[in-house]
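There are two complexes below, and they share chain A, which is joined by chain B in the first and by chain C in the second.
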Partner chain A sequence: MASRDVVHYNTPLQRVLSVLSVVFVIFYLIWTLLPFVIMFVSSFKDLLEAFKLPAVGDWAGIGVFFEFTPTLKHYQTLFAENNFSRYMLNSLIAAGGSAVISVIFGSLAAYSLSRVDFRGKSDLFFWIISTRMAPVVAVMVPLFAIFRSLDLVGTLPGLILAYTTFNLPFAIWILKGFFDNVPYGIEEAQMVDGATRFQAFRSILPLVAPGIGAFIVLCILFAWNDFLFAAIIGSGGAKTLPVATRELVQPQNIQWGAIMAAGVVTTAPMMLLGLVIRKYLVTGLTMGAVKE
Partner chain B sequence: MTETLTGIDMSVRAPEDRFRARKVSTEVEARPLSAALPPPGRLNPAARKAYYFYLMAPAIALLAFISLYPFFWLIVMAFQKGDMGAVEWVGFKNFIDLASDDRFLSGWVLLFRYSAMCLFLQVSIGVLLAVVVNGSRYERFLVTALLMPMMMAPAVAGLLWLFLYNGTFGWYHWIFHSLGLLGSGSILSSAKTAMYAIVLVDVWQWTPLITLIALAGLKRVPRDQIEANMVDGASPFRNFFAIVLPNLYPVLLIAVLLRFMDNFRFIDHILVLTGGGPANATKILPVYLFEVAFKFFDLGRGAAIALVLLVVTIILGKILVGVFDRPTAGGR
Partner chain C sequence: MATVTIRNVWKYYGQTPAVKDLNVTCPDGSFVSILGPSGCGKSSTMRMIAGLEHISAGDILFDNQRINDLAPKDRDVAMVFENYALYPHKTVFENIANPLRLRGTADATIKERVTGAARLLEIAHLLERRPHELSGGQKQRVAIGRAIVREPKLFLFDEPIAHLDAKLRAHMRGEIKHLQRNLGTTMIYVTHDQLEALSMADFIAVMHDGELQQWGTPSEIFNKPVNAWVAGFVGEPAMNFLTCDLKRRGDDVVLSHHNFDIPLLPGQVRQLNGAAQAGIARMGVRPDAMTVSMTKPSEAAIQGEIFVNELLGGDMLVEVQLADSRIRVKTTPEFEGKPGEICYLTVNRDKWHVFDAGDGHAYF
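And now, the complex of A and B:
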């Protein structure tokens, strides 16, 4: 970084480029954030106000967007009439349950995979990672048949298990990277001091704790945002937020106000969590291939 | 030279010194060998592999139950017809039928067309954005803003865009209409434009991921190479294409493969926005599979499609893992 400005361009072309890049970033920000603004604001609007648009081509009429009297009635509809607190709890249990299971089992497996070498290890690894990458619909076809014969369809345990299909391989894959970075010498030193092998494993946990914490959050995020598993395997008894939101779209009556409110309710907690673990987000979303 | 060296050599190896050294060493050798120490009972034995396998076992067993077992079930199901109650073995009929199934074939074509459009837009916009954002004064703020769409559930994103695309009150429809890009009909209602609609949603949600990956890659582009090129009089464009892009290539390859596989994985927004319509214009293969398996509950046929899809994914995954393992890729 120190050498950043030792050599730099100072040509008219460069100045034009920098102006263009500012314009580009501003346009991109508007394009990215505008849907959020519209969702957020519309959730506080009466439907008639939310549907108000300026005439086509009337760019000066954009101000219409801000003409409304805020109302909380859509949020009240969600929680009073549509039982959204129940769905929120379902989402929380399903996502949290699978995240905790995945990280507990995953960290044990990741630790041992990082410490031992055996023949076929890379094949085992490929199997683990391919489980994570398999298309959800394709995985769901046999899983649905199996779960139906076990009466797991429409139950929260079934949904937790379904989410574990993608969260557990993810946890093993990512956490192995963490354990690889912890030198074996630390455990050896512990064992010389008389710790058992398992105590030695516990002693290095604080070193990977921030990573494990971040990946519990990421597992929750993946499971919370899932729609397909919840729609099929959770259908009926274990309705989660995205599915419940989708069900507000009815052929005769699309409750747009409630949908926007449900969108805010579903998205806001994940956004906050995402900001908390920002540091690990790129690593997590790229399966550990890219580190920030 | 040799004389002086030998001189020094001689002075160092004084006769008494040599003698004393030998005396000490003979003493040591002469000491009677003690019996081998018994292994200390309280200390840990050497690492046994079995110990690690015990730690691994629960996770592997669980994963086998939810991935390997279903996979074999899938293979079995692909050779069957009908539901769980009354199954009938049909051999390869499910697969043979697929070969003459227009929707299956067009599903592949649409899937690749959809992925190609998504990837082209995401990579070009994403890299451009990363280059602009990199080193900017507001980088932290910009990156945080870019993260937002990725945190949203794809199904919710689909619903939000359904609202924005609506032909009578959607703001984005109004913008497209006002710009003259679109007639008065919604972008989703025409078979010609529906595909662009779902591509746009995917681009909106996932371009930031490419940007973040590219940004991580840009931090590792050697500054001295860029400066050397600048000193040699290269233009900013030349600099970008000759130095920055080649350095980004491995990271971008990972990004492209990841996104490509995600296009197979996530169809939430398509199901919500178009459900494969209008006139099957957006019925990419996973959407078609969803319809066959969970709308018509033709699980045998669905299993055959799923198996083909899985095989292709596994091949892609093999390529991806190969890229992961390249030392340059992760910058480890």
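And now, the complex of A and C:
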């Protein structure tokens, strides 16, 4: 096997490029992380302190950002006055519920598509993916009409169903690749050993666990961060965090402190989730794509 | 234990027939090998017996019970797959225990049976490992362990040792045969390796292009092939074929070739039907049914020129150029002929065969 090292020649151009790339990375990090830092810091600041800014060009005055007395009052506003614990629970139920339902139906469908040959299979598979091709906005109005006639608007089951319509095709699409890579012989061995088809299917689930794990994360991210479905279908009884945050912007009063705190509350769980399953997510997504 | 009867079985993949009107009866407790090249329908046959493929037409019976419509789990067969098909996330112990677990066997019994099977296969020290930590031979033993841990009616082995190295394969041949004798369970063993079939089986079913060519004991298959295809497929080095003319000469029938005219034995003349006593035929003779010498031993000897010598350790294979073809002869390593020299072949007429030039069926 050939060496997989990238051969590195220390030419002057290379040295310039390596310095430039470090500079680029630094700027990129500032660009992406600064909003989070400001959000996080501001959520602990009193409103007066939050808007204390150094003059333009006064680089020494940057310390002003960090001169404040930490306060938890914005968080208290969120949870005591604005019922954010309820909205957080709604977000969790909507995201988790749709993830679980999508995984159950998605793995069954993906398994069938991977294992059973039938007429029109490729057309069916294309149709399943094609449901993801239309932008959410395009289907929103008809979806809303359907949901309203089914009395699902403003309910958690309605929201879960809405997320599932979008997550399920994605689940089938990702998981089919994983099932395709599991040798059929393993299920055949199971069936000869005395398993039913369903037991054989269950027995290979551990082999597609990385795929299921990766999918659950992507599915939860989609639902957790979603605003459009939540605002239209979930509005009223099934308010989620993004929608509740949006409502902190009132015509006569933009509650900056509470908005910052709500941002932290919304972002932190997903960042933690990302950190915990980071390794899992990467292996999961590449394992389906690269045949071993 | 069971007698397996395959009756008029067909297998179609779309419009393509893979198995054509197969009729075989495997006696209770016997070791039956299905032998054939890839694509001959032998694996399809086995998978139909296991229940992994639908039977397009015909019946398969275990002890006179029709099993066509039974799910694999209800057929009570145990199968060893070519690629072992072990469960990668389970330990060796759990792999072997799987068939018992699926049947709800008590834990104590499982432990006893699995350790028993593992001891028999000499893998008792590997029980806590996972399949990816095992060598090919060990994986194969685990797969066999999974098959023997419960006492099924029938073993199905699908080329189980095809992926092992030659030395281990020779060793496992003996072990599998010994195992089957001890357990006394009917075994159907699919292989493309004629040596495996000849050395292990009680009966061999030779298949080609989806059709059963011949059913018989290893010695029948080897010594009395029913057609030129079986004769050419079984035996290593392969049988030599020469296209000859059959000529009547007085009471004799003579096999005539550019290099020789040899009369058939009187019994062999009777085995030819009348129509075939004159015309083209194919003569077949195995490399070990001939002798080669540098001096002319008799008038009937065939003269040829040595093309190349191959030393195979204990034997020497001499390839001899006749007028339009080459034939291979097995001799001892002491043979002194050099390529290009004239040599003489003597055929053991008791062991030669004559096949019809058209459909290839054997006269004798």
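Criterion: the second predicted complex is superposed on the first by the 270 of 292 C-alpha atoms of A that agree within 3 Å, B and C clash if a C-alpha of one lies under 4 Å from a C-alpha of the other, contacts with A are read in each partner's own complex, and residues count from 1 in each chain.
Note that contacts are C-beta pairs under 8 Å (C-beta built on N, C-alpha and C of every residue); 3 or more make two chains touch, one makes a residue touch a chain.
Since the model is a prediction, treat every value here as computed from it, not as a measurement.
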*Who does A:Pro135 touch here: chain B (first), chain C (second), both, or neither?*
first
*Go through the superposed model and pick first if A:Thr196 touches only chain B, second if only chain C, both, or neither.*
both
*Classify the contacts of A:Pro183 with the two partner chains as first (chain B alone), second (chain C alone), both, or neither.*
second
*Scan A:Pro206 for contacts with chain B and chain C and give back first, second, both or neither.*
second
*Considering only touches as defined above, state whether A:Ala50 meets chain B (first), chain C (second), both or neither.*
first
*Could you look at A:Leu29 and tell me whether it touches chain B, chain C, both or neither (first, second, both, neither)?*
first
*More residues of chain A are touched by which partner: chain B or chain C?*
B
*Go through chain A and flag every residue that touches chain B in one model and chain C in the other.*
191-192, 194, 196
*asked:* Considering only the defined contacts, which chain A positions touch chain C in the complex?
replied: 183, 185-186, 188-196, 199, 203, 206-207
_Contact footprint of chain A on chain B as seen in their complex_ = 42-44, 47, 49, 51-53, 55-56, 58-60, 62-63, 66-71, 73-74, 77, 84, 125, 128-129, 131-133, 135-136, 142, 144-156, 159-164, 168-169, 171-172, 174, 177-178, 184, 204, 208-209, 212-213, 215-217, 223-224, 227, 230-231, 235-236, 251, 254-255, 258, 261, 264-268, 271-272, 286, 289-290, 293-294, 299, 302-303, 305-307, 309-310, 313-314, 316-318, 320-321, 323-324, 329-332
*chain A contact footprint on chain C (complex, rising order)*: 50-52, 71-73, 77-79, 81, 83, 85-89, 98-99, 102-103, 146, 156
*Would you mind writing out the residues of chain A in touch with chain B in their complex?*
3-4, 6-9, 13-14, 17, 21, 24-25, 28-29, 31-36, 38-39, 42, 50-54, 56-59, 65, 101, 105-106, 108-109, 111-113, 115-116, 118, 124-131, 133-146, 148-149, 161-162, 164-165, 168-169, 172, 191-192, 194, 196-197, 201, 221, 224-228, 232, 241-243, 245-246, 249, 256, 259-260, 262-263, 266-267, 270-271, 273-275, 278, 281-282, 285-292
